[in-house]
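First chain A sits with chain B, and in the next complex the same chain sits with chain C.
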Partner chain A sequence: MAEERTRREILGKFAQFPCAAMLLACCGPLASLAQASERRYNAKDHYYGMGIQVDKCIGCGRCVEACKAENDVPREPFYFRTWVERYQIRAGGEVKVDSPDGGIHSFPPTEEDKDVLRSFFVPKLCNHCDNPPCVQVCPVGATFKSQDGVVLVDQDYCIGCRYCIQACPYGARFLDPRTSTADKCTFCYHRITKGLLPACVEACPTGARVFGELKTLASPLRRMMRMSKLAVLKPSLNTEPKVFYSDLDGEVR
Partner chain B sequence: MGVSKLPDQVVRLGVLALAAVAATLYARHRFVPATFGELGHYRGAAVGAAANRKIQYAGAAQCAECHDDVAGVKAASYHRTLSCEICHGPAARHAEDPEAQKPVVPRERGAACLYCHEYLPSRPTGFPQIIERLHNPVKPCIGCHNPHDPKPSQVPESCSACHAQIYRIKAVSHHANLSCETCHTVDARHRQEPRAFLPQKPTAREFCGRCHSREAKSPPEIPRIDLTTHGGRYLCWQCHYPHFPES
Partner chain C sequence: MAERFEHLRAALGQVQGYIYPNEIELHWGLLVVLYPYITGLVAGAFILASLAKVFRVKEVEPTYRLALLTALAFLLVAPLPLLAHLGHPERSFEIFLTPHFKSAMAMFGFVYAWYLMVVLLLEIWFEYRADLVRWSEREHGVRRILHWLLSLGSRSLAPEAVAFDKKAVHVITLVGIPSAFLLHGYVGFIFGSVKANPWWSSVLMPIVFLFSAIVSGIAMVLLLYYLTTLLRRRELDMKCLDKLASFLLYALIFSRLFMSLTIVQILIGTIGPLLLLAAGRFSSLPAELKRVSYFIAALLVQVGIFSTRWNVVIGGQLFSKSLRGLTAYKLELGGIEGLFTAIALLVLPFVILFVLLKVLPPWPEARERPELATPGSAAGEGVEAGEDAAEDAPLGA
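Then we have the complex of A and B:
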């Protein structure tokens, strides 16, 4: 974006001179052509993942709201592409997890409870597994891992058999009641292919969500992965999730 | 030895096999979608369909292109990591055509601020939080805090910032014109650390007597009592509420 602005500024300065305006008229279409070609998206050059810094999440639910608005996720009944869970771990080892309306309106206050040892929020979404069980079970090939590592659903080809919803160990999928097809997080595929961030990352006020390239060393995600103690959800299932959590409590599953 | 020499049953089987192959090919062509298998075991066109959805959130960089004044203020504030559209709602249509859509402006109390700043014990330590019920009730947040440049809690200028209920009741009482410091001695540090430096309260009947005893040199319209006989062993504020004495 910075590059673009400087170009704009330069062109703006050019426009101050009448003769330069002629030059601009000739070069304008050329410049936009060049811009289009450098923007052309090649899925093979990318491999996406997400990092979630649990200790930064404040449970405001703005990611849930942004996801629903961006992806036209049904408001009611409460289906979610991403949601936030509140964990409360008591002294006896009892774990209470709640997520009222997916956390979209933040969370109700808890009663003063001296027994709660620790409490925190965990945002969840499709883990975009490298070894996705949902893709394995789809009988028609309507859900698949694209070349850039994003697990997508073919809305026109899905037969709504719900096998993938059952197969997902993270509960990340739902059946859209309007189309009777499976739906889930796409990492906002329409945004990332245009160089934008997923809506939940854009909306996160504390930077708890980090999105970026997994295979490029110079990416915010790789930096976060270098700097943090990483964990994934349910590693024993060998799904190889591409959503990495930092400072994740052992009780989270 | 020509084709005619082939046994009859082999020719018939061959024709049948050819027909089966043709039928399979036709069925494949008919039922398998055009781009299936191009990139893998899925419809190649589905990737494009996923990428061609409409964008709703324009992104903070887009907003800053026109609203650079606000973006500049915000970039140096505690809200620098916040995207504009967290509070103002998705505004991609507004970015394309400013007249087509006006982003929401949450001005009412609790319209946007409390999602993040209402107190929840699960929030990370140190994150600025308030208890909405107790924090200057009824006043809109933006009356005191600029959302584009929020400041951490400032030293309150008057006692009413925290003791609003007392302030309001005193304002309609006969004690309205008395400042808090008339009766309370307040350490200046009380404003920074209210619990560590508690203000002093009057401790003796003689304190009220400075205005209300018969001997007091106060204006004559102030009600007088005889300190030695009035109220017996009780302290003044055990019967009269000093912030609303006529009650």
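Then we have the complex of A and C:
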């Protein structure tokens, strides 16, 4: 028995070597090909969007902090690529909205909990509109929509006229005081083109933010969109936002 | 930068309700208020000038050249507040090199260049050409050289040449009226096309801008005509003043439909001048009192139109796009976008106008007519008579 096993083993070993060698020979170029295609980012193959699950947001403000740190956004409370709003809807129908320091240090306790009917947090950021009014008004074309659907600003080309800031209905843009050019959320373009997630998505402890492909059916974003009741902000302006909110309250503007 | 943050922190304390955090900084400040105010004066002054030429309103003829020069002086200054306001003025030429044709703002350069080069400079040159030739023949020194240079080598004083000048002026004015509407209606369009801002987003915006432009332009020329005539110790042409005032009155009544807001804009800027103008126009006040009431009315109109611009530009940015709150605008004194820059930019057109008036005097007595035996010594009356004769000549031909 022992002899037989040894023989089988030996034979097996003999067979393994050429097989492994062949596999290796095949895999090597394949792997490097795969690597190369991964390195060469092709904007045409992607179309990005974001989903925000309002009911999952706890208003911790980690996304705001992560965004400021990752993108070197000025620390002063007048410049935000993303921020979190808190809505408190009182019994009388009165709505109180606040976002102290963009929600970066989370929120103070509600003053009178008694008559607050419901309260929720809404993270906001550039909607990367499919029909972006900011892009339309830029006199020099310094702000543009890239092939992967991300609205970007060319800092070396922007003349600082601030027309785009006026045209954005969501208040998502600001003038960077250091460069005197317009600035806004880029979906962390430097990260997503390397296959990473935007900083805010990565920092979110509850998974309230879902980032992904809009045109690939199997993407996490598309799954979230299938499973939720969706809304976008200010749909009447026909900007066609690519940031989709689930369970969004009608009071949110 | 610390100063800027301090400024914004102060604004943060004045916020009412909820505004988006990026909205605390009010982006289009005093300088952007100046821009539509100044281009409005240009368009208004030009439309007044065209009243004289195209619509042959004889009474306003004495202000024709003054109106043209006023338009030029203000047009030269018009882009400066915009430049000073840009984050990167040194990149502004990109608007010409790589204009984004879907942007209303990208058209600025072209509209401006068209208006300055094709309309205003050409019209002024044709209007002054014959005089430039005569002046350079008679004068000495710097003025002679200057006028000789300005005549651009066109030295003919033949009747056909002068007739051609007249025809050219007429054609350019015809092109100029829609251009003036374009120049200023376009400024209204910049604001009116911002759908994100409910205060601005309106198809009526260009029309509001146009009418207020006409009002402010006529009032400005009236003021300048009044002041320059007084300073030159000449008699005001009351018929001209009356006509100017009635145009101002009609324009005011029209634009009143769209205006709103603030004591300044309605009470001081509109109702005050309306009463004054109406009193001056339709009652038998003594000429002396009439003059004063026109003058005050024109002055008030300037205040009113400036506040209109203020209310549109600043007012539109005071409320949040979240429609839940208001921010505050605190005027800075110093700095490139401050009050002093604005005042300097408002004074500059008058300085330019002063130089223009020296180089190209629009006064009737400065005009030299070949039919007048002793040029320069003619009284105002005689010149006007000569003018009328000259005016009628090409018509009859």
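Throughout what follows, the second predicted complex is superposed on the first by the 214 of 253 C-alpha atoms of A that agree within 3 Å, B and C clash if a C-alpha of one lies under 4 Å from a C-alpha of the other, contacts with A are read in each partner's own complex, and residues count from 1 in each chain.
Just so it is clear, a contact is a pair of C-beta atoms (placed from the backbone, for glycine too) under 8 Å apart; a residue touches a chain by one contact, two chains touch by 3 or more.
Just so it is clear, the model here is predicted, and its values are computed rather than measured.
Look at A:244: by the touch rule set out above, it reaches neither chain B nor chain C. Contacts of A:55 after superposition: chain B is touched, whereas chain C is not reached.
When both complexes are overlaid on chain A, the residue A:211 reaches neither chain B nor chain C. When the shared chain is aligned, chain B and chain C each come close enough to touch A:157.
Of the two partner chains placed by superposition, only chain B is touched by A:106; chain C is not. Using the contact criterion defined above for the overlaid structures, shared-chain residue A:141 touches chain B and also reaches chain C.
According to the touch criterion, the shared surface of chain A, contacted by chain B in one complex and chain C in the other, consists of residues 141-142, 157. Residues 76-80, 83, 85, 95-99, 101-102, 124, 133, 136-142, 157-163, 165-175, 177-181, 237, 253 of chain A are the ones touching chain C in the complex.
Partner chain B is touched in their complex by these residues of chain A: 1, 5, 41, 43, 55-62, 66, 69-71, 86-88, 105-107, 109-110, 116, 119-121, 141-147, 152, 154-157, 186, 189-191, 193-194, 196-197, 199, 202-203, 205-207. Chain B meets chain A in the complex at residues 33, 36, 39-43, 46-47, 49-57, 59-61, 65, 79, 81-83, 85-86, 89-90, 114-116, 118-124, 127. Residues of chain C touching chain A in their complex: 1, 4-5, 8, 12, 17-25, 27-28, 82, 85-89, 91-92, 94-95, 98-100, 102-106, 108, 190, 193-197, 317, 320-324.
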